[in-house]
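The data blocks that follow each hold one structure.
Shared chain: chain A. Partners: chain B in the first complex, chain C in the second.
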Partner chain A sequence: MDSQDNTLQQRKKGFRAWLQDFIAEIPLIGWLLGILGAVLVEYFLGDLISYYLGLPKIPVLFGFLTVLKKPLLIPGTAGYLILVYGLPILIIVKSLQKPANKLAGFLDKQRVTVAALFHLGIFYGALHFWADMSDYRLLVIKLTMIAIMLTLSINVINGYMGEFSCSHPGFMALGAYATSTITLLLFADDKQFGAALLPEALGLYFFPLALVAGGIVAALGALVIAIPSFRTRGDYLAIISLAFLFIVKSVIENLEFMGGPRGMSSQPHYSTLPMVFTVMVLCIWIINNFVRSTMGKALNAVRDNELAAEAMTVNTRKTKIITFMFGAFWAGVAGGLFAHVLRYVNPGSFGIQRLAEILAMVYFGGLNSVTGSIVGAVSINILSEALRPLEIYKWIIIPLLLILVMLFRPTGLIAFTEFKPKELMKPKQIRVEEK
Partner chain B sequence: MDLFLQNIVNGLQWGSFYALIALGYSMVYSILMLFNFAHGDVFMVGSYIGFGVATALLGFVAMTGIPLPGWLILILTIIFSMFFTSFVGIFIERVGYRPLRDAPRASAAITGLMIGIILETGNLAILGARRLSFPQLIESTTYQLGGVFVTNKKILIVGVSLGLMYLLHRFIQKSKWGMAMRAMSFDFQIVSLMGVSINKIAPLTFAIGSALAAAAGILYGLAYPVLDPYMGILLGWKAFVAAILGGRGSILGAALAGFLLGFIEIFVAWIFPSTLRDVIAYSIILLILTFRPHGFFGQAHSTQLRL
Partner chain C sequence: MALLRVDNMTHYFGGLRAVHNYSLVLEPGHIVGLIGPNGAGKTTIFNLISGIHTPTEGNIELAGQNLIGHQPHEIGAMGLGRTFQNLLLWRHMTVLEHVKMACYSQLGYGIWGAFFGSRRCHREEKRLTAKAMHLMETFDVDRFSSQLAVSLPYGAQRRVEMARAMATNPKVLFLDEPTAGMTPDELNRMITIIRKIHKEFDVAIFMIEHRLKFVMELCERIQTLVFGEVIAEGTPAEIKNNPDVIEAYLGKEDIG
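On to the complex of A and B.
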């Protein structure tokens, strides 16, 4: 038997087996270092390489845009991707395999926070240089991070608690308007509120507080939905939340001092990349802890059977109120960031279309899963940017893709999993070659 | 007083669109316990199909010289469009809902939403962004009853909607298929054992709902003759609100709540500044749902999500 197994294993050694072994030996930090290296290669040599490959400029979004606009450039773009991303990542990852594993082993013995901060620092470095090469990339990254926050926060309500809440754009609007009002009133000279009340230099330091205030306003708004949710759930709650969305949008349209239907513009330039990144990391960290806590288990109990949960001493009312306010808080914070990224908000951007987009991201990625939300938000966002040259057909391809995902995996790509940072950052075993 | 009556007439007209669309939502719900979120866009597609049929009929008249009167063209348009649009409903059921019958309810909601987006974008891609204007098939005449002005179009819209609702009622109460549908909404597992196939009843329900939406689309085109691909979104969602307000799966409730929603919107716009319409209308709905969480005619049963 043993000898048969051995021969089988030897025969299996094709490219796939080699790739599997290769991936299995690299810790997360190795990959991050590889990505950082590749981005640095692009940062310093990108122009040169794209010139020699006959490309007009650096392919901004992994060449999707270039390829879809001018199919003749496909070989050049492919070459660029291999030279700039593929080869450097492979070389760095392979050559740093042993030190990276040692480093991961060292970090594994430290506190999780320290290890996570170390990883995030490297990741941020890569993002920073990548985004530094064009304004378009910067915008795409920021919007993707905001989408991650939105998706995670709606997953808490729709996935973990199992309600069908449609009011997320409403919470986002509350946060966006509250934050914008504070920053415009205090730190900016603008048409709506006149001159700044406080010195503008303080603005960047007060911005987190303004974001928190926006989140709190959104959380208070969530009470309107949380209280009816004691008596009803499912479709009726969906309608209540939908009515809430219509009401918020309509109220904002009627508030003349907030610009009415024209919206508010010229928010200060506070949503910088480090700011958005930090807030997003905080959001992921806090939400992940929330759903893994006793409270998170209580949420799942309420979703699966409310009566049984009540019988098992879960305080369902408290659970529902806290969850709605918690989800709405992060949606409000995301809204505040969103307003300061675009530096313009109007009620029209928080309508039914935004709702469809958010729902698509969370159900594509997977319910009840932090990883799923991140995957869903990133993939839908990058996809919709990458398919931009197809113009209107983009909105046929993306829905079709979503329908296919729903048909074959009705709960989304990565559903019902736990996100464990410690497991992710563990060092990998290096296989010893057997003679 | 005259203004009050005038607004009642306007509310009847506005409410009949909501009622016709809400019926489609409600019927599908009563069979499948799912909402067809593409229904608002089926209304839009119905309106465009009506446009196509009416244009074709007018072209036919112009080519052959057979003098068909306007009202006959209108009736033919409504009948043909209802027939064609019902296939859109059957298609949606086959692609988006049948494979997901045992899946979590939210998944079917997402496929519905996505089919809606595909219908909108497909329309935009095929016909372009220009707005079409619905051909005016009948001359508009205004009658004065007391101080109230009523156009013949308003009478036609309300009359056709009420007539269709009556036909639907007869169909559901008296026909064999209607009986099967009622039984199916009572308990679809047992009824499946009695030899009634859900694979026949569900497409039928989608077809009838879509046909009603098409009728609403043509009547809407008569009253507001500008068509655009996104016109179904807001109307569809509001009709969805009406369907819930009436009580899920209750046909009578959906029709009544549709008219009620029309009245609320018209009267709010009459009494208050019209920009406040949505705020007040939806606050009223929130209040109604807070005190009657299961709508007017809905049964208070457990609404556990199938997840």
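On to the complex of A and C.
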């Protein structure tokens, strides 16, 4: 009797409430399975469906590119999106609701790492098949994941610690060049460094070490900025770090053995999807661990009131320097991956425009928030790819969006939240009745 | 042996002499008050002892250790906890995070433990949470534990700040105007709380306070500071009747 009343009430609330309830009952694992299912549908039936809908080929990036170029294909693309993504996800999610919740309940009792790995495995599977369908997708995914790392690492400095650092592209460049130098020197036959010193087969295993080396070089660069600028407070860091960015760029431009302005090319093909994915997950995991610990919360204390932090026994100077190096380290690692994704790197790609992109992603997504960084990086990246056919107008739409976000949510879309993997993976209650 | 001893401390801000020949002896378990008109240099004395400024001359010792030249965070870890006149709370942090943060020097894990979420790190976090909960109960702010500290009522914010100061495990607690802006009700509550922590945690307390009623009731000894110099020191009764103090506060008595 009670539940009948409730369903009646729910109907009255309309579609939105129904959707909310629907979403509230699906655990994360259910969604991931749904996405995997949809991707598999596309993988096996995509060509067929797009053929019958009159599309020239499967819409690569959710149809944005097709639609913006040929508006006549809008109905076909919409149909494709519904048939390939919408319906399969809904059907799978709904039909697997109970088993997915059971599975989530089971995983909830395991250690967080085990549960997280399980989720990530499914997610990676979906990404893998999705990216397998076109090289363009693969590239976009890799660059997006690198952008997530960059955004997250600058968020640690600009968001969590509240300093304004502008040298992230510089750190990225340091990492990219250091990693490239190592891999080119050791594992590749190329113009700059000649024949490979070690057998090429070892390269892929050494690559993580090369990335770490790139990160360490970037962190040392950060130390150079940190020592003078953290003696003072205020805008000095912004100015010094901006100067550092230009210094790094012009030094690299003038180093002939690193290719000068022409850059370095023919890096080995080491930034594979699993590699980038694993490094990104590690980056998120480590940064999230750090910012959630009391040691990492010291960053917030330093930002909100340094004097109080110091009086409460926080070593503010050490905290600031270590955090700055930590952020730079991940920027360096991201740079190393970036160089091996494009398999080409030149000083021009680490200029002020890259800085603007990174800052846009952080402030769009939200300060002081891991989720925000991920959302910001993904949405700005995908958006700028999707709007590519608009050419120059793209640079009107994206800044406009940023301005709107700044107006309505000055700290970004999802700011000042904690990213709790355990909560995220929890099984959802199937609500029979609500209060 | 005195717990905190300040000898002939003098400090200049440029050409301005803010503190002159200041001395203090604080015995374990004592409560000493520092009163004086606005701008007398009371907070400067707090800042000098807690290491925010370095005195131009003089010597400071806490439990036999020399404090001159140490960073404020080191002095904090040596056992000097303090609150601030204008409530320096952290804007985006919850009450629990505030109290845990003050345990920074007692963290039993290093930076790598924090990065990789080591088992030790989790255990330590749990231990500190328990400690913080206990402190928050003592100061009656435990029900706010997951709220942002700045969103609390004023009196509760003061108590959070005191809980935070106590979390540093102080031997000496400095209170900078603990009753500023409080209603009489809150004032009485503060007296009870200070008595309670004095008894429970066995700390010596050194406080700046404007409300004479409050100081007279709590302190065993009172110093009166005018223009950076101590003009009178003694028991509350002595201070109350000291003509110099009355003059500093009310002006000269006209016996014409």
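In this section, the second predicted complex is superposed on the first by the 419 of 435 C-alpha atoms of A that agree within 3 Å, B and C clash if a C-alpha of one lies under 4 Å from a C-alpha of the other, contacts with A are read in each partner's own complex, and residues count from 1 in each chain.
Definition applied: a contact is a pair of C-beta atoms (placed from the backbone, for glycine too) under 8 Å apart; a residue touches a chain by one contact, two chains touch by 3 or more.
Please read these numbers as outputs of a predicted model, since none were measured by experiment.
Of the two partner chains placed around the shared chain by superposition, chain B is the only one that A:392 touches, whereas chain C remains out of contact.
In the superposed model, A:20 lies in contact with neither chain B nor chain C.
With both structures placed on the common chain, the touch criterion links A:95 to neither chain B nor chain C.
Using the contact criterion defined above for the overlaid structures, shared-chain residue A:236 touches chain B, although it does not reach chain C. Shared-chain residue A:305: touches chain B and chain C both. By the touch criterion defined above, A:403 lies against chain B but remains apart from chain C after alignment on the C-alpha atoms of chain A. Looking at the superposed arrangement, the partner reaching more residues of chain A, out of chain B and chain C, is B. Of the two partner chains, neither chain B nor chain C is touched by A:110.
Once the two complexes are overlaid on chain A, the chain A residues touched by chain B in the first and by chain C in the second are 303-305. Of all the residues in chain B, the ones that touch chain A in their complex are 35, 95-96, 99-100, 103-111, 113-115, 117-118, 120-122, 124-125, 233-234, 237, 240-241, 244-245, 248, 275-279, 282-283, 285-286, 289-290, 293-295, 303-305, 307.
Chain contact summary for the complex, chain C toward chain A: residues 50, 52, 71-73, 76-77, 82, 84, 88-93, 97, 100-105, 107, 109, 111, 113-117, 121, 125, 128, 164-165, 167-168. Contacts from chain A toward chain C in the complex involve residues 285-286, 289-290, 293-298, 300-301, 303-305, 307-317, 322, 368, 416.
Within the complex, the chain A residues that touch chain B are 158, 162, 164, 224, 228, 231-236, 238-240, 242-244, 246-247, 249-251, 253-254, 303-306, 352-353, 356, 359-360, 363, 367, 392-393, 395-396, 399-400, 402-403, 406-407, 410-411.
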